[in-house]
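Each structure below appears as structure tokens.
Both complexes shown next keep chain A, but they swap its partner, so chain B is in the first and chain C is in the second.
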Partner chain A sequence: MDFIRNFPFFSIMISMLSGIISSILPKKAAKLLNLFMIITVFFLSLILLIYLCITGESFVYMMGHFPAPYGNEIRAGILEALMALFFSAVMFLSVVGGHKKLDEEVDEDRHNLYYILVNMMLSSLLALVYTNDLFTAYVFVEINTISACGLIMIRRIGRTYIAAVRYMIMSLIGSGLMLLGICLIYDMTGHLLMSNIKSSIEAIHASGQFRMPLVVMTTLISVGLCVKSSLFPFHAWLPDAYGYSTVSSAAILSSLVSKGYIFLLLKIIYRVIGFEVFVSTNILNVFYVFGLSAMIFGSIRAIRENDIRRMIAYSSIAQIGYIYMGFGLATDLGMEAGIFQILSHGATKSLLFIAAIGLTDVSGFNRAFIHVTGAGYRNKIAGIGFTVGALSMVGVPMFSGFISKLLFAEAGINVEGKSVPTLVVLAISVILNAIYFMKTVIRIYTPAPDSEFKEESFRFKDKLSYSLTILGFIALNLVLGMSSEVFNDLIHKGLEMFS
Partner chain B sequence: MGPYLLDNYGEAVAMLLFTIGFTNLLLQKNLIKKIIGFNIMDSAIYLFLALKGYIEGRMAPIYTQGYTSASDYVNPIPAGLVLTGIVVSVSVTALMLSLTVKLYSRYHTLNLDEISTRLRREKR
Partner chain C sequence: MSRKKDDSLYQKTFSYKFFKWMKGEKDPLVGNVEMTPKKDPKEEEEETINERLREKQMMLEKIYDVENNKLILNFRKIYKFISILFCITMFAILFLNVSYLPPVGDAGNPSDNEVPVRYIEKGIEETGAVNFVSGMILDYRAFDTFGESNVLFIATITVLILLKVDSKLKKNDPEKYEKETNDRTLEPKKDPILQFCARYLMPVIVLFGICTILNGHISPGGGFSGGAIIGAGLILYLNAFGFNDTERFFIEKTYKVVCFVALTFYCLAKSYSFFTGANHLESHIPKGIPGAILSSGLILPLDICVGLVVACTMYTFYCMFRKGDY
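And now, the complex of A and B:
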């Protein structure tokens, strides 16, 4: 049984190694290896999750042969295993679902490169999830940024290049601030391992010294990670990056990359700085305000958008606002709601991207709303997928979005001073969501009177894998929505293991 | 803050450089200048780290005959971190430069605003 403790390390290493091997394989083999790798990581994480639920306690895995203060460490608890499981599942579905589009949009000789980038992305995400060392986290944040940039610009058009440049600039600002924060932490505590830092910071906080450096350091790291996960005022790069990159990249970027940074932030809140100390710096209130404004602003921009892919991208800004709003409530319930929203948004947003591409493909590759009229009849499975995603985003019961909104409302209602704004903004945001998503759903099911686009001419050649992907996403959504107690229980136990 | 400024002038310089690099990365329109700004920003952080590891009157942490106690050496960890950081920033710079080359060969300008306006005109 103790052998299972190697699994976090194995899953990081498998994804890295398969990235390296992919570079010399032919295109088909690289694709198969990539899919095989993601499935392996999925099952390793599943076994790890079951093992952790049975033993009921987290463990620390020593990298190399040096004990705690000198060596590097990996740590795995229920929440980490759950995230790894979820990331690999969404990654698998996104890659499979966008495969046809990848053939069309990316040159033949660059497919290997694409799979290398996907592998690197997964390995860096897993490393962010599992690492117990702050500087390792920084290095993997940068690897994540570089592979995300590659995923954006793999489709060689002017829009994606400029989106990649914008993304890089914002990411570099974010990681620069974060690195400075980590340097300050190292300077204050003399440690880089999360558990050691936490005990020193608790001692420093209790002694009442270094109040100002503590606040500055927390601010630097939080702002850095907020910039990287595109919280509301730092979102300028997002619509282009999500709207014009190839669809697998858009799905991976929106549902996994930003979530990886948010998960790192969560780890820093609980395992590096400590929840009480973090609350005492009042950064969470800033998160709260920006989260609320993101919820409104992102939805308003999405309503005004005339391009279906960019509309979904703007909706991402609003959804990330929800997560930060939940964190900003500064209670355990709010945090749990935020984590559930990570899962819910990850499952729904990638479904929407993959479904939207099915709709635009049967509309002569036009993405403007006027052209997708009646697309739900021309590509039935994409229409169903989009409808499910839209219903989930609006918060209709049975789907995952409903549960996350319910959790936010439950968490917000008991927080003094924040209950009214939370509930009001939540209600407004739901209405705004309903406006732009229902508008789209009605449009795709309005029969186009003299449609020049026929179903036959724009049929997917391998419709089966596409349909299975959409069904997989719908199933994921329903599982999250209908058996949410299981996930809430896991999240709750995982958070308890964090401290 | 005032009385310690002269004692910690190295850190002050590092922060000043960080601000210069940060503003350049954020506000410059020219892509090459942005990249230079990024490099200044990262170097400032490495300077800061190196200063934090330096201990007055001690040797570089290289094992030589005669010195065996750890108290003879400066802290080696920040040097290791700086080295890792340099590797990261070199690769990021390379990526940014290659992107700049691509954009330049397509639009024949390095001005980010101008590229954006042209993109808007060309309508995808």
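And now, the complex of A and C:
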């Protein structure tokens, strides 16, 4: 059974190795290798999760012959395994769902480069999830940033170039701030290993030394990661990056990349700085305010948008606002709700992107609302997928979005001073969500008899992979929505293991 | 003037043209050969300058409508003001913050803990490398360095995506391909001084780079620095002798194969080391005598791998930015 402890290491190394091998493979072989790798990582994470649930305690894994403060180390607990499982599942569905579009939009000889980027992206996400060392985290943040830029501009048109440059600038500012914060941590504690830093910081905090550097360090790291995960005032790079890149990239970026950074932030809150110290710096209150404003402003921008892909992109800003709002409540319940929202948003947003591409394809590749009228009849499976995603986003029971909103309300109601704003803004945000998502759903199911686009004869065989992807996403959404107790339980146990 | 013929007839004869040319009154090439004044390739033509200025003006007028759009004017002013203010505040906060931190080089600093002590005291014994830095980055913290070399790899991939000329273009539209890959305007044209210097410098630079890599575990140096030196040597050679000469030993396939072999070896070798280390198995890699050239276990081969990746990355960056192809 102890062999299972190698699985985090295996999954990181397999994904990196497959990225390296893809560089010499032809297009088809690279595609197959990529799918095989993601499935392997999925099953490894599943077995690891089951193993951890049985043993009930986390473990550290030594990377090399030297124990922790001297060498590198990774750590696995229930939350880490759950995230790895979820990331690989969503990654698989997003990549499969975008295969056809990739063939259309990307040059033939750049396909294997694309799979290198995807493999490296997964490996960096896994490393961010499993790492127990701040500097390792920084190295993999770099890989994550560069491969995300590549994923955006693999579709070589003017707008993706601009979006990639924008993303790169914003993201590098975020990395730079984070690096400054890590330098300050090293100066104050002399460690890079998370558990050692935590005990030193607790001692420093208790003794009252380094009051100012502690606050500055916390702020730098938090703001850096907020910029990278596009919290409201730092969201300028997001709409173009999600709106014009090829569909798998958009799905991966929205549901995985920003979530990887949020998970790293969570890890820093619990395992590096310590929850109590972090609360005492009042950064969480800033998160709370920005999260609330993101929920409102993201939705308002989405309502004003006339392009279906950009509308979904703006909705991401609102949804990320929910996560930070949950963190900002500064209670364990709020954190758990935030983590559930990571899962729920990841499963739903990629579904929406992939369904939207099906809708625009049958409307002559036009993305404006006027053209997608009646598209739900022309491409039925995409219409169903979009409807499910929209219902989940709005928060209809049975779907995952409902549970996350319920959890936020439950978490917010007991927090002194924050209960009224939380509930009010949550209600307003749900109404705004309903306005723009239901508007779209109604539009795609409005018959357009004089439409120039013919109804597509639906043959299941032609679009096997696409339909299966949509069905897979719907299933994921229903699982998250209907058996939420299981996930809540796992998240609760995982958070307990964190500290 | 001729005494025997009329002027009109005489003007058509060869001797008339010859004497006229002798006196310097006529250039025989004028009218026959197209002659335009030679110009610096980098100099912009007046026409394009005007066009550029016109487009900029049009953008300001049509899109931003600067004269009437007070919002944008105000926004630009406020933007400048706020960015300067933000930078000054950032400076102030960070400087103030530094004054609270422990002074540099103090013996009681928190960073002087057991970790560097062990690297220095037991480093040679545990890793077999006399150079502590090599021992630290390639043995104690090898996972980070593996990530770092993958950063280089993925950066090259991204530059390839952005700048590489389509392979289809070569078959379908050779004329456009020639135009896209034409870098003659930037190339020093077979400069004899450069070629002379490069002929003698390039072998020395590459040998020095190889030496730096191979001695990475004994003396200061290692894969990253040695690879950068070799890359610089290759770029010098390319500048002196042009693409025709470098194509003989460095094409796209070379890059792919070298990077693939180096990184795969790195990945597999380190995986073996991590696996044995974590499971407390015995590792069958000999450490050798510290100070010998063949010593310190995996550090020497890993240094070579990193050096190859770095050299290829630098050379590829240069090629892509200059021509878009190897």
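By our rule, the second predicted complex is superposed on the first by the 492 of 499 C-alpha atoms of A that agree within 3 Å, B and C clash if a C-alpha of one lies under 4 Å from a C-alpha of the other, contacts with A are read in each partner's own complex, and residues count from 1 in each chain.
Heads up, the rule we're going with is that contacts are C-beta pairs under 8 Å (C-beta built on N, C-alpha and C of every residue); 3 or more make two chains touch, one makes a residue touch a chain.
Everything quoted here is computed from the prediction, not taken from an experiment.
Visitor: Does chain B (first) or chain C (second) touch A:200, or do both, or does neither?
Guide: In the superposition, A:200 contacts chain C only.
Visitor: Once the structures are superposed on A, label A:169 by its partner contacts, choosing first (chain B), second (chain C), both or neither.
Guide: A:169: touches chain B, not chain C.
Visitor: For the three-chain arrangement built by superposition, which of chain B and chain C touches the greater number of chain A residues?
Guide: C
Visitor: Would you sort A:186 into first (chain B), second (chain C), both or neither based on which partner it touches?
Guide: both
Visitor: Would you sort A:139 into first (chain B), second (chain C), both or neither based on which partner it touches?
Guide: both
Visitor: Look at A:158 in the shared chain and tell me whether it touches chain B only, chain C only, both, or neither; answer first, second, both or neither.
Guide: first
Visitor: Please work out whether A:149 is in contact with chain B alone, chain C alone, both, or neither, and reply first, second, both or neither.
Guide: The answer is both, since A:149 touches chain B and chain C.
Visitor: Just checking: does A:302 make contact with chain B only, chain C only, both, or neither of them? Give me first, second, both or neither.
Guide: neither
Visitor: Jot down the residues of chain A that show up as touching in both complexes, chain B in one and chain C in the other.
Guide: 135, 139, 142, 146, 149, 153, 161, 180, 186-187
Visitor: Where on chain B does chain A make contact in their complex?
Guide: Spelled out, the residues of chain B in touch with chain A are 18, 21-22, 25-26, 31, 34, 38, 41-42, 45, 48-49, 52, 77-78, 81, 84-85, 88, 91-92, 95-96, 99-100, 102-103, 106-107, 112, 115-116, 119, 122, 124.
Visitor: Write out the stretch or stretches of chain A touching chain B in their complex.
Guide: 135, 138-139, 142, 145-146, 149, 153, 157-159, 161-162, 164-165, 168-169, 172-173, 176, 179-180, 183, 186-187, 192, 244
Visitor: Can you tell me which positions in chain C touch chain A when the two form their complex?
Guide: Those in contact with chain A are residues 93-94, 96-97, 100-102, 109-115, 118-119, 126, 139-144, 146-148, 150-151, 153-155, 157-158, 160-162, 166-168, 256-257, 259-260, 263-264, 267-268, 271, 273-279, 283.
Visitor: Flag every residue of chain A that touches chain C in the complex, lowest number first.
Guide: Touching chain C: residues 5-6, 9, 13, 16-17, 19-21, 23-24, 61-66, 69-72, 107-110, 113, 116-117, 120, 127, 133, 135-136, 139-140, 142-143, 146-147, 149-150, 153-154, 156, 161, 180, 184, 186-191, 200, 210-213, 216 of chain A.
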